[in-house]
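Given below, in the form of structure tokens, are the structures.
In the two complexes below, chain A is the common chain; its partner is chain B in one and chain C in the other.
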Partner chain A sequence: MTNDIMLLMPLIIVGLGGIIVMIASAYEKFTIEVAAQSTAAILAIAFLTQLSNSISGNVAVFSETFNSILVVSTFSKAAGLIILASGIFTVLSSVAYFKENRFCTSEYYCLVLFAVTGMLMLTMSHELITAFIALEIMSLAVYVLVGYNRDNVISTEAVLKYLVLGAFAGAFLVMGVAFIFGATTSTNFAVIGQYIAANGFMQTPLLIGGSFFVLVALLFKAAAFPFHAWVTDVYDGAPIPVTGFMATALKTAIFAVFANFLVVDDGMHAGWITYLFYISIFTMFVGNLIAIGQQSLKRMLAASGIVHTGYLLIALVAISSQDFSGSVIAFYLAAYAAATLGIFAALSYLSGADEKRKTFDDFKGLAKVRPYSAAAISIFLLSMAGIPPTAGFMGKFYIITSAISAGHVALAVLGIVSSIISMWYYLRLIISMYFHEAEESFSDILPSRLAPTCTFVLVFCVFAISLYPLIV
Partner chain B sequence: MFEHILSVMIFLPILTGVILLMTPASQGIARITGLLVSLAILILGIDLYVHFAATGYLEFVEKLAWVPSLGISYHLGVDGINLFVLMAASLLLPMVYLVFTTREKGFYANLLIAQGAMIGAICAADMVLFYIFWEIMLLPIFFMMGLYGGPKRIPATIKITIYTIAGSLLMLAAIVYLGVSYHAQFNEWSFAISDMAKLNLSGQTAILFFFCFIIAFAIKIPLFPFHTWLPDAYTEAPTAATFVLSAIMAKIGVYGVIRFVVPVFDEQLARFAILLACSGVVGMMYCGIAAIAQKDLKRMLAFSSASHMGIIALGVFCMNMQALTGSIYQIVAHATSVGVLFLFVGLIESRTNSRSIEDLGGIAAKAPVFALFFAIALLASVGLPGTSGFIGEFLIILGAIKFNVWVGVFAGTTLIIGVCYMLYMFQRVFFEKTNPNTSTFKDLTLVEGLTFLPVILLIIIMGIYPHPFLSKITPTTALQFAGDTPVVAQTVATNALFPELTIEKK
Partner chain C sequence: MIHNYLFLSIILFCLGIVGVIARRNVFTVFMSIELMLNAGILALIAFARLHVHMDGHVLAMMVMAVAAAEAALALAVVILLHKHKSKLDTNVFSLLKG
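Coming up: the complex of A and B.
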């Protein structure tokens, strides 16, 4: 029982913290700086609790306490760590960002906490209604965060798009849940798994339809083909730290529940594997096509996020229900999160007031004025591109290994081809920063020391993660 | 000298380079540090060479588990195949710091990182480790070309980077495939190169990944038809980077073929050897003929380098002991001759501000020592008897004739093209009349002369008395063909014209 509470502690800390920050925001003395600091502190405490849970290593499934609605596994712990770390870095880089973009209020930070609460719950949920509730807690907070800059037209457009489409996805999920309940008389993953094992997957049309709708919702949230069209606009309209948060923490949470749902039984995985195979291929190549054409950095990163979703789908295709540990997915997510958060942390202090530096050309000659920041950005880009000795390389290596091990040679080779294409737009920024003369002086004063510190901590993470071996 | 000599040779330059980049060191300090580190590597390299016992197996081994669940380890070692590539990478670099004295801090720092990464790729005995260093060594070249290259540097930089990364990512897929196949056949994970020779690979998938490896190395070498990045990159890169690319990195491509393709994909190689050998010969001819027409001295040398890499690659694809030994020997010969010629061109460029052959002339009269050194390196590159180039080319042609008479004959006659363009160039640059550009040409200074002297002497020694060098190579090359002979011989027989001559038995 105590053990169960310890495992649930990060969720409780973040949830309670969010409520406290929200109430405290009503007081004028509670300035945005204090809000940011206390939010970072809450997330840090939750992170340390999660870390101690992960190190102590006893996997207690509290099926008795919560009737197996929430299940903690090594995978959910790892995903939780990534989400909490993303939250901390998002908050810290927001501080620098809001020094130059003045539309922040203290409520911003409690929304981050609520979003993290939803995500943590999502990683643990092994029941469809809980997953839906967690998804909506997360999504509602993120909708507000995306549209936080109310005076900005692009931001407003982004939130409208995301809200309408996201609501559709939520509705699909509920419909899927209803279908599955109709077929199996349960929403619990374990019971669904038993039902499929007993009756087969393809023999129950209602189940096929239900899981189809659930997958649509998850693919939408994960930004996979053919539900990827919202990504560039929404990522572009959101404030820079929020974009980073969405690209990392949100994706981690979605992939955690996605993987857990797929492995309820072999029949489920086998039933969808062909479709996931093609979806991952299309996701990678469509993402690349979109990314190649972009002039704006944020849009390029958004599109590259689609490509990374494609790589993660490769890992989903290659998992097996028998000995599922999720370690490959968690490792890739950690590697991707470190690089993406790093680049958004760097952008949040480099873009200047009102995000005036947007395109590749705006960053020309950065290396001469800010050599360390340019070097950090280059390392993040190389990690995303999968160049050793960065974390991104090891992540990609594990994914390709898992794909070839599972017999999907074509998928591995296409993944490789896609990363060759992606070199182009990652290199483009490095070339702009290093090989062109500066067109401006980049002379704005550093708004805060926190964001640069975050950036360099993340550079360290990028190398540290790559040296850390995968535990299967 | 001590236990972790290879690790020191890898990480001393890399760490020094990174520290130089991170600190606001001046240009002078950077150059002196670079010079000292590269001299330290040189001393370690010589020490290693002296203590190398030529057992045929890996020596100076270091092994440390890294990702135990997948059998990946930090595993280094030297044998007869990589010893000479390692020597090229560790002995030649001090020259660059002595010859190019006025470059930027980042230039010297990148050069150091490149050296460490190249030594890492050469010594790695684990495929994943090899791949990591193989990719790292491209990054300093990318930055050196992009930051300090010629006027058209950016397109050239993008071209070489995308080209090589495309190749190496394909290789990554192939490496993973080998690891997974090993797991499937022996039920344990391993990425050690020595384990891969045990694999029994066949079928369409094996052929696919065989070509993944071949394309990766063919791009690096470069082998026809994957050579199109080379003229632009070699011409636009700063001379030191061109030197590193042609003298060492191209050799690592050849080394990769010998290390990965020959022992692991023996069946596939035997099937496609004739195709690859022809591509080597075609590359030799094509690049040689292209070199005749060049007006830019550096571009001409770029084509000539590609042409000579063709014959080294041919030696590998002939799959017999003579040709393989010749290739390894030629690796050093080519690094000391063509590599040094690039440095000489760099000197000519810095003294006359021109690389155009038409603008030059009569240098021999003004700078006799320089002309002499240039001539020796040039003659070694065309394979004149008495120079190092002759031994290697002779062995390769010998092996090629054993492999297939026509390939051997074509390769042998193509060497004449090399003599044509080299002597034609030498006549126009060093003889004929002086002009305003060259009338004030200064001879080599004492430092420069002493820098190049050891290399020039090495060219002559290796040409006259090759035995001590060959004896370090042959035990390992003999081992390469000891185990797999039956399979190789049988399959080659269907391809080659003279089956009874194809494979040398130990």
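Coming up: the complex of A and C.
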């Protein structure tokens, strides 16, 4: 019983913390700086609590009271750690970002906490309606964060697009839940799994339709191939720290629930494996094509996020529901999160007032003026491209070996090809930082300590994560 | 008998999809999304009656609550859009080209 409370503790801390920060924001003494510090502290406490929990196997939290809707496993623990760490780094880089972009109020930070609450719940949910509610808690907070700069037309347009398409995906999820409920009279993953084991997946058309709708909604949120068009626009319109938050924490939460849903039973996974196979190929190559054509750095990173979704889909194709641990997915998500958060933390203090440095050309000659920041950005880009000895390389290595051992050699080869293509746009930024003369002096960058510290901590993380499998 | 409700729900869902894709007014688009959510709720209730199982009713209540929260946010966005452009036509909002 006490163990159950401890397992839920990170969720409780973050949820209550969000409410307290929201109420405290009404007081004038509670300034934005205090809000940022307390938010970072709340997330850090939740992170340490999550870290201290020891879990073996799947633990249904308060299975009597909650009817096994929340299940904690090592996979959900790892995903929760990634989400909480992303939250901390987002808050810290927001502090630097809002020194030059003055549209922050203390509610910004409580929205981050609410989004993290939804994400943590999503990683634990083993029931479709819980997943829907967690998804909406997360999405509603993220919609507001995307449109936080109310005076900016582009940001408003981004939130319109995201809200329409996100709610559209939400409606698909509800329809899918209804169909699956109609087929199995339950929305609990365990019961659905038992139903499929007893009656077969292909023999129940309602179940096929329902899981199709659920997969559409999840692919939509994860920005996979046919539903990827919104990503570049929304990431472009959102404030830089929020973009980093969406690219990492949101993706982690979605892939956690995606993997948990696919492994309810072998029948479910086998039924969709062919489609996921092609979707992952298309996601990688379409993402690469979009990224190559971009001039804006944020849009390039958004498009590269699509490519990384493709790699994660390879890992989903390769999982098996017999001994599912999700370690490959969690490792890749951690590696990707470290690099992406790092680059967005660096951008949040380098891009200047009103995000005026946007394109590749704007960062020409950065290496001569800010050599350490340029070196950090290069390490992050090399990690995303998958160059050893960074975390990105190890993540890709595990995904590709898991694909080969699951018998999908073609997928592994295409993953490597896509990774080579992706060098094109990652190296482009490194070239413009190192091999061009500086066109400006970058002298308007305000001195801040938090965001550069974050960046260098994340550089350390990139190497630490790659060494992690050797240590353990 | 129950099947008719399911057909109605699917028709409503398809109408919602068409509305989101084809209509240009932001309000109509958000109303179409609400229509899709309501189609889902109707299907849940119909299945609950079909299986004589109360879970579906509870799920429907939960979805309704979420739909209300989403509608509140959608209205806030509509006001924001109107402040910027004094128009609610989605064609006006095309600064971002993907």
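Just so it is clear, the second predicted complex is superposed on the first by the 455 of 472 C-alpha atoms of A that agree within 3 Å, B and C clash if a C-alpha of one lies under 4 Å from a C-alpha of the other, contacts with A are read in each partner's own complex, and residues count from 1 in each chain.
Just so it is clear, a contact is a pair of C-beta atoms (placed from the backbone, for glycine too) under 8 Å apart; a residue touches a chain by one contact, two chains touch by 3 or more.
Quick caveat, the model's predicted, so the values are computed rather than measured.
In the superposed pair of complexes, A:412 makes contact with chain B only, with no contact to chain C. Touch criterion met: A:177 reaches chain C, while chain B stays clear of it. In the superposition on chain A, A:434 makes contact with chain B only, while chain C stays out of contact range.
In the superposed pair of complexes, A:282 makes contact with neither chain B nor chain C. When the two complexes are overlaid, the chain among chain B and chain C that reaches more residues of chain A is C.
In the superposition on chain A, A:140 contacts chain C only, with no contact to chain B. With both structures placed on the common chain, the touch criterion links A:66 to neither chain B nor chain C. Chain C meets chain A in the complex at residues 6, 9, 13, 16, 20, 26, 29-30, 33, 36-37, 39-41, 43-44, 46-48, 50-51, 53, 55-56, 59, 62-63, 66, 69-70, 73-74, 77, 80-81, 84-85, 90, 93-98.
Per the touch definition, chain A reaches chain B in the complex via residues 372, 375, 382, 386-389, 393, 396-397, 400-401, 404-405, 409, 412-413, 416, 419-420, 423-424, 427, 431, 434-435, 469-472.
Those residues of chain B that touch chain A in the complex are listed here as 21-22, 66-70, 72, 128, 131-132, 135-136, 139, 143, 146-147, 153-154, 157-158, 161-162, 165-166, 169-170, 172-173, 176-177, 179-180, 183, 205, 208. On chain A, the positions that touch chain C within their shared complex are 129, 132-133, 136, 140, 143-144, 147, 150, 153-154, 156-161, 163-164, 167-168, 170-172, 174-175, 177-179, 181-182, 185-187, 229-230, 232-233, 236-237.
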